[in-house]
């Protein structure tokens, strides 16, 4: 038996529109128990008071609860990223695994595995201890997925906990910060550094470096923080020889917000010509991070994202980089998320694509 | 004597930062009396309560008043477009004309001329009469610039009046609308249709068609409305045989918000390879229109720009399309403006570039 | 058996926080089948893309579905109003009825009844036919509640349908508008005029007058539009002799956004001194409408609410009027909602309070 | 000769509308050299990218430059506060002094004086040294104004410098912070503590306490920070026996955002009945500070101002408290500003009124 990784993008008419997923369950296209992860791009502001994420998860749980036992449901990573600025389109991306009789050909194909770390203690959040837990989780998920080396990992999604007043009290104040918003950044940052450790991108770091030494980063981590968990949920995506099917994954790093060449080099994996929109139909998913450079400049020209008190810089960045990605890919249902501490260089960010090889059906 | 058109982009640290222009006056690079037009991309919201435009104009007038007589100052078109969403960079673009002893080579080069129409009566705003005045003005400016045919015109900037309560009263209510905001759209639309008439893009239209028959549009008009004038100010840009210098202008039309191929075809005029960022140094100016498609979709995928009550759709569109343009051009000081009634197809828009041929200095 | 109307305000930690209601079910304070209506003030923007309302309703339905049969759940009016601008506090207000052995004293007490009209045809929305259906519903609900005359009705909450593209098509285009946002205003307006008809505040109106003749209004209607229904849901609140208990309801009309005297006159019903904050503990609920005057002025001074392209005028108005109400009442969990077509005079609006008489417990 | 303090409020049609002031110069009502200070409430967002303040100042300077010598113009405090949320109305408030032959009656009347401190060194900003400079300036201004004791001072407006990257470098990094936004808060805070020292409201403080020990505050300071100066500009307002005229000033402190009783106690100075709107015509100016409580609550009920990523909490607070003040005063042209570090208690703030005694003209 060989495993085949499957990916589907489904439009979302609103955060509670799970009709596309329900239809796949109804017609037998998708077996809920085969799901490895669900990503959602919802149409909120992606900031503190974005309730579209919780609304989407509540809607997913109501549907999936009809098909999965509570513990299986609890173990399924559901990562919602708010913000479809500009022309980005709200959508779900489903990741699942099918079994096939076809033997693997030896050519590496898309491989997926998820993992949940031990619960963290509040005092560990945003510090080395969190990174170490993530590091171990990534290595374990790689093994589950049969990924044979770190160079074959192209995307690691992490959902990690944050600090609340209650949790700070629980740790008698021995926490990385007592500010909830700051703890989200620190937790994302520590998670990203854990991925970087697992993949050999960095060798070590100190607690002080989290969110301060921006020279340390992973080019394959994508992290988000949520209040509803104390563990870290991981989804590792790479290419592995024991998997079959036409899907592959690759990644690139945008050096800044207008690094079109980096995106085109990546698209060249799916389309030899590296033509903008040359591979539109072959692209199964685009997973990217966007953020405003802290220097206030892009190639020496001032940007105004950090000074705009009407629109959050994260919203500016998603729309702007989303526009470039959409134009090059030829489609707008892309998973572009913000909050990129230690996830790519300052003002730039990682981009991963999952694409189809061979003849299109 | 041959005319040479010159273009300079200057960064702006804020709407009142005219220091770059003052420096050009001080060191003799620029003679104020040679100016044909000044465009500014300012960092406001680009909507009703955007005071960065007025602040920029007031700052320009204070500086230019030291170098120009009042009537010359009054005749100089200054068009401010608010909104530097995403990574767009606030800047000035100066257009001026120099005289040269070098005879024209016969190769067409960038040619510029401005024109001010007769004052409109309030009852004419947003109707055929306005378009007719613009049509005549465009033809006159083409003649001034020595542009020999409509196919050589690539960009027409129009600044046109709007209706206020007072002006509606002046026309005893016989106006296209009594709503100020609507009158801005109708005036921009009628101006664009006037450009389309002058350039042979359409043959005729009725008053009813303004802002309603979206199949009528110019691919070379860029119009903005302002309360401070009753005339229409025009700047026509094209290529003409009687001009010299290394600058040329071309244009293209984006069919939708992610039409990267249209932009690359245009960039190919400056860089034979049509590589993204292949011509960065050759591009003197990028002049584009951006807007959200009224269908609520881009290539069949829903966008949320029109439903977002926190951010105006015009801000979303500028940031998104600005991101694509900036990535392909390789720079962020681009003149991307909104409000594109009859200026390109619904959801798409015209893009013009001014670029340098021959060896770079 | 006498009926006693009960009201409870419960804080809401987020749109999905129904824990306070669940606790009342758990400790027997509240029997779900006794509920007449639930109002919620949620923390979204109160505009088109406010998903906190749907999230709150989904959360309520999940909880109530454990206690009510589907058809009873379907008949329970749940009206969510988004927007807690300024210091307003997100909260639920529950309305229910208890039976008592105590005979009524003849003194009128708070009386409640809800009603659902027949389903409207899309062609009826925003027109006289809708108002007529509302008029009949109000009269029927008054009868159910034993309210003996229109002067005893002090608040009518209406939730009414809106037009979608599909519904416009269903009516072959014979609808009051084909614009969804406009249809919300027209539907709220027609509902308010229906209330006004029922209560004798107006005698008749034509379809043309909806949202255009602002001299027609009810001082007791509060209407909201939602896409999920084709009927109109009504909740009528007044005082009736056949009810018992310490609660009473009264109302007043703010002539403009700063009409503190109108609020104090109303508060005098609960506190003879009409002192600001004199009756804080006696006030069970405050139900108010807020909106920006279309004249652009308040008592001759310009306001900027309608020109602010960063913040919707409805958000400005709720925060501003909410501040005045909160200061006079002495509490911030007030139901202040926007969208006040034909609900009070332009720029002003109705305010109702439910208050406790007699000795406080 | 006796001094009479004069105050005028003038509407502003936009940040550049100085026509009302020009008219007063033209008809001789106002002599520019008599001006002590100009406050402006402009219609921007009141945050980092609010250019309405600079636009207003540029417009004022252009007008005043026609009437004042450059050094007199440079010494005139012009304090612009952005943000007319809710129904607040953009306006100017002018303060000037007239000489009169009438001898003072011995009854204390409104007294004004301004002062400019020595230039601060960047290392002093946000620290005790700044507070000490402010303390001395307040005492000197009190002496200039003939105010005989601290209890007669009711309002001190301070405009103070902030830190930029350049200024931090100038101090070789020995500054209170290297973050520009933070330096604004620290500078406002140190200024307020300087006022508190001068008026005997506190006895001492350490650098650490600035913006951290919220138990230290002045109930008469109103501070704003601007990049254009290195001095602190002060305007002290109080009552003094050597002045004449019908104007008086008083102040109160709102304990929280809904402290209507505190406002009414203050209004009682102008209207014995302390009726809301009882003294509307007697009120010459209302000067208040507004801010969101850092606890996230008002009297135990949650507010959402600090969690709203679409609207700054300062905008929420100004609109909400502005609504209460406007309702109680009966007018909307009030000077309500944000950023209240050490200026009143957390979540509350000082309110001063200037009112007219005696018979109205």
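Going in written order, the chains are labelled A, B, C and D, and every chain counts its residues from 1.
In this section, contacts are C-beta pairs under 8 Å (C-beta built on N, C-alpha and C of every residue); 3 or more make two chains touch, one makes a residue touch a chain.
Please read these numbers as outputs of a predicted model, since none were measured by experiment.
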Find the pair in A-C, C-D or B-C that has over half of its contact pairs, by residue number, in common with A-B. C-D
A student comparing A-D to C-D should find more C-beta pairs in contact for C-D
Whole-Å gap between the CA centroids of subunit B and subunit D: 43
Distance between chain centroids, defined by C-alpha means - subunit A, subunit D (Å): 48
Measuring from the mean C-alpha position of subunit C to the mean C-alpha position of subunit D, what distance in angstrom results? 40
Spell out, as numbers or ranges, the residues of subunit D touching 2 or more other chains. 43, 45, 49, 304, 307-308, 310
Within the complex, which stretch of subunit C touches subunit A? 14-16, 43-44, 49, 51-52, 54-55, 58-59, 62, 310
Looking at the complex, which residues from subunit A come into contact with subunit D? 45, 47-50, 304, 307-310, 312
Mind listing the subunit C positions that touch subunit D in their complex? 11, 13, 43, 45, 84-91, 257-261, 263-264, 276-277, 292, 298-299, 301-305, 307-308, 310-311, 315-317, 319-324, 326-328, 330-333
